[in-house]
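Two complexes are shown next, each including chain A; its partner changes from chain B in the first to chain C in the second.
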Partner chain A sequence: MTEQSDLLGRARAWIGRPATAPVTARDPVNQPMIRRWAEAMGDANPLWHDPDVRAAAGFAGAVAPPAMLEVWTMAPYRAGGRTEDEDMAVLRLFDEAGYRGVVATNIEQEYLRYLVEGDIIHARAIVSDISDEKRTGLGIGHFVTIDYEFTDQADELVGRMKFRILKFKPPLEQSKAAAPAGDAGANAFPHPRPAITHDNAFFWEGLKQRKLLIQSFDGRLVHPPVPACPETGSLEWTTVEASGKGVIHSFVVMHQPQLPCFQYPLPVVLVELEEGVRIVANMIDTAPEDVAIGRAVTLDFVEVEPDYILPAFRLA
Partner chain B sequence: MGTISNQAAIAGIGATEFSKNSGRSELRLAVEATLAALADAGIDPAEVDGLSTYTMDNNPEIELFRAIGGRQLKFHSRIHYGGGAACAPILHAAMAIAAGIAEVVVCYRAMNERSQYRFGTGHTPPPVPTAESAHYGWYVPFGLISPASWVAMQARRYMHDHGATSEDFGRVSVAARRHAATNPRAWFYEKPITLADHQASRWIVEPLRLLDCCQESDGAVAVVVTSLERARRLRNAPAVIRAAAQGAGDDSQMMTSYYRKDIGRISEMNIVADQLYAQAGIGPADVQAAILYDHFTPFVLPQLEAFGFAKEGQARDFIREGNIELGGRLPINTHGGQLGEAYIHGLNGVAEAVRLVRGTSPNQVDGIRNVIVTAGTGVPTSGLILSPD
Partner chain C sequence: MTFDDIRPGQALPELAIPITASAIVAGAIATNDFQDVHHDKAAAQATGVPDIFMNILTTNGLVQRFVTDWTGPEARIRKIAIRLGAPNFVGDVMKLNGEVAAVDQDARTADIRISGRNGIGEHVAATVTIGFAEGAR
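This part shows the complex of A and B:
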């Protein structure tokens, strides 16, 4: 799979490089944040909020639980997600290659001293490892390890963190039937949806971009798609975009049974595309009596529901 | 190489009445038909040690088995692809018997296809990520949702390529109803139709009219298969399984083989026909009658061609000359077929072939030496040649 080794090569080029720009805490270490964090975590240790207890322990001001190490430099919360600067470009490589899922799998922290009121924390994140492809319960993916170093206002190291996440290909999303129309229920029977599999997802994704894609095994076109080339057994394939020119090879006109989402009589055509494969679709702006074997047609698309696009043909 | 030819025979046939509303469970229908078939064979139900049916049948083997007082079930199998399974359980039974795996195998099909569900109302399966579900994604989003519609696409092309007409399809229906009219078991007993009736019937999916489509039925059929040796000692003359085969290929799809070079052909049946003739060592000249699967009339024509009764594309002439009716060269569907008798997914056709071999058909054909039976068309299919001993 050249595409995948490409991805791994590009991702591994990040190893040893900063995952993001260095970050400086927006606020110094402070009592209110410590109090809220300890409450949220259910940590009732009086050391985090009782002046007498911390004085007895030798602290002049507020002292933070060590596990808050990363809290001070975390990216701001934003509705809609992080900005590009805050995000990690190495992870975007995986998103773009379809490894859209993410789950944190390990965090290891090392503390060199307690952080106390007034400390200003800096963080640097370095990409330290990208694993080979792993088959996990969540899906196929790669583990990405980021090493953090945290320093204070004197540029002294105060802690380290190893953060490992899995970037994985989530299970295929299946078509969701459209919600019935709000009022009259005219659309109560949703337009039938295809099942999406690893073998056919490209076709339905292509339609969303108004492209009719045909599976190609080194130039041998196949439709409906199959996992392996029937001639060579090769599992490697690409797609070609249909020109949209074709000829009606056969057709029917549906009268019964009827679904509420179609208009009847409904012609359904089997079109032989000029690329040599055949595909079933509907006609646009064509009376049933004008449909005939041998007639030239051209491809168009219809959006039957938002984000659900089907191919359709017009008489040429 | 071993052969199953002449190793096993159908020794018993049984059925319920054929109706539009059986008023009882499918499992009970299966039990009734099975007990009737065993009684016909003269075999104690406790001796049954094998069962075979369709994957589409809703009745678990073990439920049927406990209801008939079965003791040791040693073989059970199911065949996929709808009515394409109609003859394959008999093949599987014959193989099990020839291999010494089982001695008495009951093949059954029981359904309340009219009263509890209907195959023709439109199939829009939920989109789940399996290959079978994905298959329907190429058709149902475009409204091609019924078996009639899937067949119609190939039928239209066959008409275009070979000059067959709606009337040619109608002649298949008229012959079936003529045969059903004299079969007291048939739903359309004493209800023949004319070609004009066919031509006046409404469109279901052009080019298919209502009278090109088989019935929807409640009912059950069972047949008992045992060794030929044993069958010879039983009360009815054996219907010898002279040949049995399954077939798929040439880019077969489930009712939508639209991607092969010639979509007017149902190549699955050619694969079956070649095997059947080779196993039996005979050709079309040796066949006196046939039960050709008739869920929809158009596919009877390429079946006649697959078995060599007409040259490719010329079945229309064979039919126009009256050859598929009583007194013709090859009377077909002498029980009335699924158009006339009942739609029991083709197993009622196997039972009729047994009657033809025994000489007890309501429309008996003289001089029977070989009867062809076929299963569902447009799908991976199966077939038999049955003969007198």
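This part shows the complex of A and C:
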């Protein structure tokens, strides 16, 4: 089992289980917290603070804005952070695996009634879903979905919530791991990622094992990966592992535009492998002026981010 | 406003929210969210972002306010569903826009579709379902 699927297996064992112990609000629904919330939101709705308006609407006491549903049962501030009980153990699994960033991405709240002064709210939270690893603007990570039920002092359901958060690897850490020693900070942005499809997944999986795999349709080698043999249309294929020897067929030296995750000038080569197919990759450990058509090169692998490996070439 | 005033396609007046550090912190405290990324710039930067950013419960509250600013106190919010994208960082402005996406004559509810955009892109996409008091709470 890979490290990745082991993490997912342990995390998904939480699905259907309580994310935290049940929580009872420390304070009943009350006017001061409502007032402070409405002021922070710039919400002038008189229902939240005008006794005449709420009485006319049939409410006996102060009425809480429905979007405050979760506020009543939020964990208190504590110097040093939350206690273990308040923390979600399922999220700690991701912290320990390096997914230390956290950001809430979705809330779906349903309100069965408006809460009023004196209501005492209870919350129960169940882990309902854990996504596969996703690439996001914040970094690679997993979405964790928690389902909440809110009940009142009579044990009546007053609202529900689906809460989704992203646990991600901060890009700074991803690139710190990828940057050569002494070069920290040069790669402050995530490396561009390939679009992995049914047809090319084998290629990227091979790279993770530091193998450059070439598609073989009954001995006819093809690269880049295709869904079907260009000559026969056959969908049957296997792979062969490249020896890693080749010759520079063509090249460019990139100066502009400069992306933050690369170093410039950057020689990009089209290498004709000894198996007969050509592949585009970056040159490493090579001065741009030493790159020339016809020069022999050998294959190497660069782990640009954890678990993300690209082929590269150096002069033979 | 009453349910019968609502028509599909009606636009809500735009609401611009300046995203200041004070607004972010006031919202975080009012929603009892003490996660450090919503008040501690150094802690936020340690996670790879440039500054503190608005917490989701404040966005949720602003979306609710945006709707009831338009409907008045008679509306009853039944559901709020929000999806966050580009974070609301200090120094930005978020502009909320919305329109009536659907009206259910049988249930006497309406769905309002909302988009809040900042200088980076879409901060929030939301759907709010409203009904009206009409004697009931």
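Note that the second predicted complex is superposed on the first by the 170 of 316 C-alpha atoms of A that agree within 3 Å, B and C clash if a C-alpha of one lies under 4 Å from a C-alpha of the other, contacts with A are read in each partner's own complex, and residues count from 1 in each chain.
Note that in this section a contact is a pair of C-beta atoms (placed from the backbone, for glycine too) under 8 Å apart; a residue touches a chain by one contact, two chains touch by 3 or more.
Owing to the predicted nature of the structure, the values given are computational and were not obtained by experimental measurement.
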item	value
Touched partner set for A:E149, first chain B, second chain C, both or neither	neither
Touching partner for A:E39 - first (chain B), second (chain C), both, neither	second
First (chain B), second (chain C), both or neither touched by A:E117	neither
Which superposed partner A:D129 touches (first chain B, second chain C, both, neither)	neither
Contacts of A:Y77 with chain B and chain C, given as first, second, both or neither	second
Residues of chain A that lie at the interface with chain B and also at the interface with chain C	172
Sites on chain B touched by chain A in the complex	120-122, 124-125, 127-131, 133-146, 148-149, 152-154, 156-157, 160, 202-207, 253, 256, 258-259, 263
Chain A-facing residues of chain C, complex	17, 23, 26-27, 29-35, 37, 46-49, 55-58, 60-65, 68-69, 72-74, 76-87, 133, 135, 137
Residues of chain A touching chain B in the complex	172, 174-175, 191-200, 204, 223-224, 249-259, 262, 265-266, 268, 270, 277-282, 288, 293, 304, 310
In the complex, chain A residues that touch chain C	33, 36-37, 39-47, 53, 57-59, 65-68, 70-71, 74-78, 100-111, 113-114, 137-139, 170-173
